[in-house]
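Structure first, commentary second.
Chain nomenclature is as follows: A, B and C, assigned in order of appearance, with residue numbering initiated at 1 for each chain independently.
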Amino acid sequence: MSGFGGFVLRRGVGTVITLLAISVIVYVVFFVTPGNVAQITCGPRCSPEQVHQVAQQLRLDDPLYLRYWHFLQGILVGQDYSTGTSVEHCSAPCLGLSYQGDQQVTQLILAKLPVSLSLVFGAMVLWLILGVGTGVLSAWRRGRFTERLLTGITLAGVATPVFVIGLVLMIVVCGQLQLLPFPQYVSLTDDPEQWAWNLLLPWLSLALIEAATFARLTRASMLETLAEDHIRTFRAYGVGERSIIGRHALRGAFAPIIALNANNVGSAVGGAVLTETLFGLPGIGQELVHAVNVVDLPVVVGMVLVIGFFVVIANAVADVLYAVADRRVVLA
Amino acid sequence: MSEALVASQAAGTDVSVPAASGARQFWRRLRAQRAALVAAAVVALLVLVALAAPLLTAIEGQDPFTYHPSLIDSARGGVPTGSFGGITGDHWLGVEPQTGRDLFARLVYGARVSLGVALGATVVQVLIGVVVGVAAALGSRWVDQLLSRLTEIIVAMPLMIMSLALLAIVPSSFPRPLLVALVIGLIAWGNTAKIVRAQTLTLKQLDYVSAARLSGWGTWRIARRELLPGLAAPVITYAALLVPMNITVEAALSFLGVGVKPPTPSWGQMLTAADVWYQAAPQYLLLPAGALFVTVLSLTVLGDGIRTALDPRAASRLRIGTGRKGEAKADASTKGASGKDAGTKGDVRTEGATTKSTNSKEATS
Amino acid sequence: MSSVDVSTGVSADVLVEVTDLTVGFGSLRAVDGLSFTLEKGAALGLVGESGSGKSTVASALLGLHRGTGADVGGSVRVAGIDVQEASDADLGRLRGGKAAMVFQDPLSSLDPYYAIGDQIAEVYRVHARVSRRAARARAVDVLDRVGIPDALRRSRSRPHEFSGGMRQRALIAMALACEPELLIADEPTTALDVTVQAQILDLLHTLREETGLGLLLVTHDVGVAAESVDEILVMRHGRAVEHGPVGTVLGAPAETYTQDLLGAVPRVDARRVRSEGSSGSSPEASSAAPEVVLEATGLRREFGRGKRAFAAVDDVSLTVHRGETLGIVGESGSGKTTLGRMLVGLLKPTAGEIKPGGGVRPDVQMVFQDPVSSLNPRRSVGESIADPLRARGERDEGRIRARVRELLERVGLEGAHYDRYPHEFSGGQRQRVGIARALAADPRVIVCDEPVSALDVTTQAQVVALLGELQRELGLALVFVAHDLAVVRQVSDRVAVMRRGRIVEQGPADEVYDSPQDPYTKELLAAVPALDPEVAAQRRAVRRELATA
């Protein structure tokens, strides 16, 4: 067990290093671009006074490492900003101020986070159930018509971009058939039923493509396991097909599924951006697209860091789960 | 690699057994898969359309950039005049709402952007991935640590988010399609590097690489002659998966309005307003969506086919027990033919296995 | 064929009855008209080289070919069930319930994700209507029975936490769980070290004595069969060559193939025979002190760092003289391969010195174990052999080709094979190519790392003979690294026995084999299966003594 604890510890340290490195890269890429950073940060419509103020806030006169240090300090312990006349305290984790409306980036993100989390986690449940279920069914009915049908469907699913599925679903379900109203976000705490109904289409659009990927992976790893020696052992001892599929072949697919789920958090977040934009859900993704379009750099950087944080944490958690699913990893 | 190919093809003529040449076997196995062949044909057609885009639009007599205000009914909010989105003999697929630009021309020029950006991004990903992966696998422990850590960081960066953000800050004077390709390529090489590193480490353990070292060759020559050809198969397989992925990413970025920008046509961009205009004529949704679907689907099927052709063992493992009689028998007979190998391998004692694991331990620590 | 004995006893006593069995995979006939019977409590050994179809027969007994697309003809009756005609339910009852199978590789034959005890319990519950708890208790029971210490605790471990021998015991426990009448063991000890092999064979022997279990043993190793069975059936190309009691088939084989097979089996108790032609090169014949061509002092090699560091080789010193063969023998994990790789310069020693030293050098070459991975599949064999010539700076294509052709012919292949690719050759031929490549560098020493362990016994004998010839002709020194004590004795002038990274005994081959000093060497020698069933019984007695002592 000490081996396992050590593994978790090593993985944790690695995660912190990765997070720091990402913050450095993101900071350098976005705040050390050629040209007048203050002008880019503030946006094209800023007056010279505003640009000057931004330059001060960004401490553009300081050397780079000091600027990064202040940025990091803001995240870890908070920071005070002078907005001309008054001093505003931005408590940790402080990601800076937005220049469109002088809002604190952290507050902005916190306000949008529940929407995005609802979307991604709901969709994740859906794609795991749909994807793994389809994969198990294909592996069980291998060689039959069912398998070929499911293979065709999953292939089509893999080939359809999130926003195409979303568009088609929205147009068909809300527009033509009018089965559902066009989605509008309702908070889970306000009205759980409406929350679910309104998120149904976004969940489906985000989940279908991921589910197809999972179905392919589940089927492939189960078939691979089915060809392994230990399956032959259980066949030779009269163990039934149901147990071989449901107990032994599926167990072999656990670790790859966990790994893929972690790997796909990044792409799922990308899909969430598209889904939110498409359905007009007021989440982080929509806010990010907006910030990108108006070149609100502190918001962009803050969003990228927060999303990066979630992805890295998800990867770390998946690594630990993977090790639990396959203890041999720890020994290697 | 080419040298080996030529040599093997020459050898292939006088021996009855098919030559070891990767290429020959690869083509034979690829030809055996009907779906992959159809997909390859579709991909070839798409590439042809993309290359011949100026020619095709010249035949139609249109170009993707000219506005046709006369074809737009501004009273009805910019819907094209005439039925079916303004389909006429001049405009084969109708015109765009609001601008009146020719839809056919924009669609075929869109293929250029889509395929061009995806291929460009893939080339960047593969180049960086191979260089970093090989360097990590062959370099000293410190080089490996550094590059592997860097790869981990790159893998952790969400592609869509990072490219969205990066594309926002680069001045718009930079040629946009090239920029999109570069950004995707520069962010998403992590997995390629991981695969290449792992494969190189595996190859490095093989006895024939040790034998080459014993014969007195230097590291560079061994890497070139013994390792790189062995990397070709996994790299090609993975690159074939990357292309459709990159097409999707480009389309998504353009859909969000940060990728390829007007007036350059792109399929993703054409879908941006599709939810508004589809009621005027369904082709505003169906054409770009269909083009994307067919392209990504055929590239994915082709990618699967390439993988099957390059790694038949993995493929036959996946096909065992599918019950398709012809295939099952073919599998069984190839297994029978290679049964001798299997038998001899089986007879190898555990010593080999234990040394391998110690060696790989050394490699990872 | 004529010697196949289809004795039809009282049908109640017949456990297995195979009549005219054929198994085909497409155009390939793996088994071709095989018939035999096995009575209750008897033991039959199916012996053959790779590709003889022996494992296919084992699978056919349990109907494992059903649904795989293989064409199975003839009839198979096991414990009263017609395997060909049986319903799926009947087949399910047969598998594990009446006839249980033990496979070659105990690691891959168990599910890596579940505890051993759970896997045994699962199988048991297929055949016995009992509660989970009772099945679990049964699993602990049988684990205890096959000699797994602290069975209750160990039953909760997963396969990778067991050693190879323990895993094979666990598989045998699984087989015993449902009290079958027949045990089918398919190469049950091939993946194991010789001392562990002896333990497993002894276990099988004891179980048979106690339970009256019938045994069908499939093996390539005649010695293993001689240790364990009453009757032997020699197979080749899917047919029976010879069938009879062990003593008769091994003592006085009637068929030429059996004679050749037995002739090729190396014997641990036979002295090395040097052909008369070897005059000056053999060390015992030369009066002057032989030249030392390779010398290692205090070699040590560690793997891993920090807490996980361990020394694969520890304080090993040895010398190799011109024209002699030094055999290095040891079980898996003894460090012999690591030692071999250090001697040729592929691995750097952590400590110690090799003379002449300095990394890889042309005068010390290596022949590798695995004939599949030792040749680059993408390059013609000629190109591989030419590597040392080109690396030395030879540019003249004509001279290179001529030299490679000469080498190919020297190792018993054809010069025209230059442009062929590795997959066109058999394992033995590939090993010859590997030898030619080593010779191309004009070495003084060749380190052979398990050069014949992946080969069939007849091919093995040919390759060993080739190495001997080359040694005499070229005055080569050989370092012969192997796990097989008999092969090592066959080729070596001097022998070093390794255990856990150290040399425990070193000396002239005959001295070490005939009067071993170290207890580990004694244990190793006692574990080698004997071809003579009577000797086998004696050795088993010795092993019991050693175990109790």
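Note that a residue touches a chain if its C-beta (ideal position, glycine included) is under 8 Å from a C-beta of that chain, and two chains touch if they have at least 3 such contacts.
Treat the numbers as computed from the prediction; the structure is a model and nothing was measured.
Student: Please identify which chain has its centre, taken as the mean of its CA atoms, farthest from the centre of subunit C.
Tutor: Relative to subunit C, the chain whose C-alpha centre sits farthest away is A.
Student: Name the chain with the Cα centroid closest to the overall protein Cα centroid.
Tutor: The most central chain here turns out to be B.
Student: Please tell me the distance, in whole Å, between the geometric centres of subunit A and subunit C computed from their C-alpha atoms.
Tutor: So the centre of subunit A lies 51 Å away from the centre of subunit C.
Student: Indicate the whole-number Å distance between the mean C-alpha point of subunit A and the mean C-alpha point of subunit B.
Tutor: The separation of the two C-alpha centroids amounts to 23 Å.
Student: Report the inter-centroid distance (CA atoms only) between subunit B and subunit C in whole Å.
Tutor: That pair's centroid distance is 44 Å.
Student: Which parts of subunit B, given as residue numbers and ranges, touch two or more other chains?
Tutor: Residue numbers touching two or more other chains: 321, 323, 361.
Student: Which parts of subunit C, given as residue numbers and ranges, touch two or more other chains?
Tutor: Where subunit C meets two or more other chains at a single residue, that happens at 105.
Student: Mind pulling up the subunit B residues that touch subunit A in the complex?
Tutor: The touching residues are 149, 152-153, 155-162, 164-169, 171, 244, 248-249, 251-252, 255-258, 268, 271, 274-275, 278-279, 285, 289, 292-293, 296-297, 300-301, 317-324, 361, 364.
Student: What part of subunit A is in contact with subunit C in the complex they form?
Tutor: Going by the criterion above, the answer is residues 228-230, 232-240, 243, 247-248, 251-252, 254, 325-328, 331.
Student: If you look only at subunit C, which of its residues touch subunit A in the complex?
Tutor: 62, 64, 91-97, 100-101, 103, 105, 108-114, 122-123, 126-127, 158, 160, 171, 174
Student: Where on subunit C is subunit B touching in the complex?
Tutor: 25-28, 30, 50-51, 67-70, 104-105, 164, 187, 190-193, 220, 303-305, 308, 312, 331-333, 336-338, 341, 344-346, 360, 362, 365-366, 368-380, 383-384, 387-388, 391-392, 419-424, 426-427, 434, 437-438, 440-441, 450, 453-456, 483
Student: Tell me, which parts of subunit A touch subunit B in their complex?
Tutor: Per the stated touch rule, the residues are 14, 17-18, 21-22, 25, 29-30, 33, 35, 40, 142-144, 147, 155-156, 158-164, 167-168, 170-171, 175, 220, 223-224, 226-227, 265-267, 269-271, 273-274, 277-278, 288-289, 291-293, 295, 297, 300-301, 303-304, 307-308, 311-312, 315, 332.
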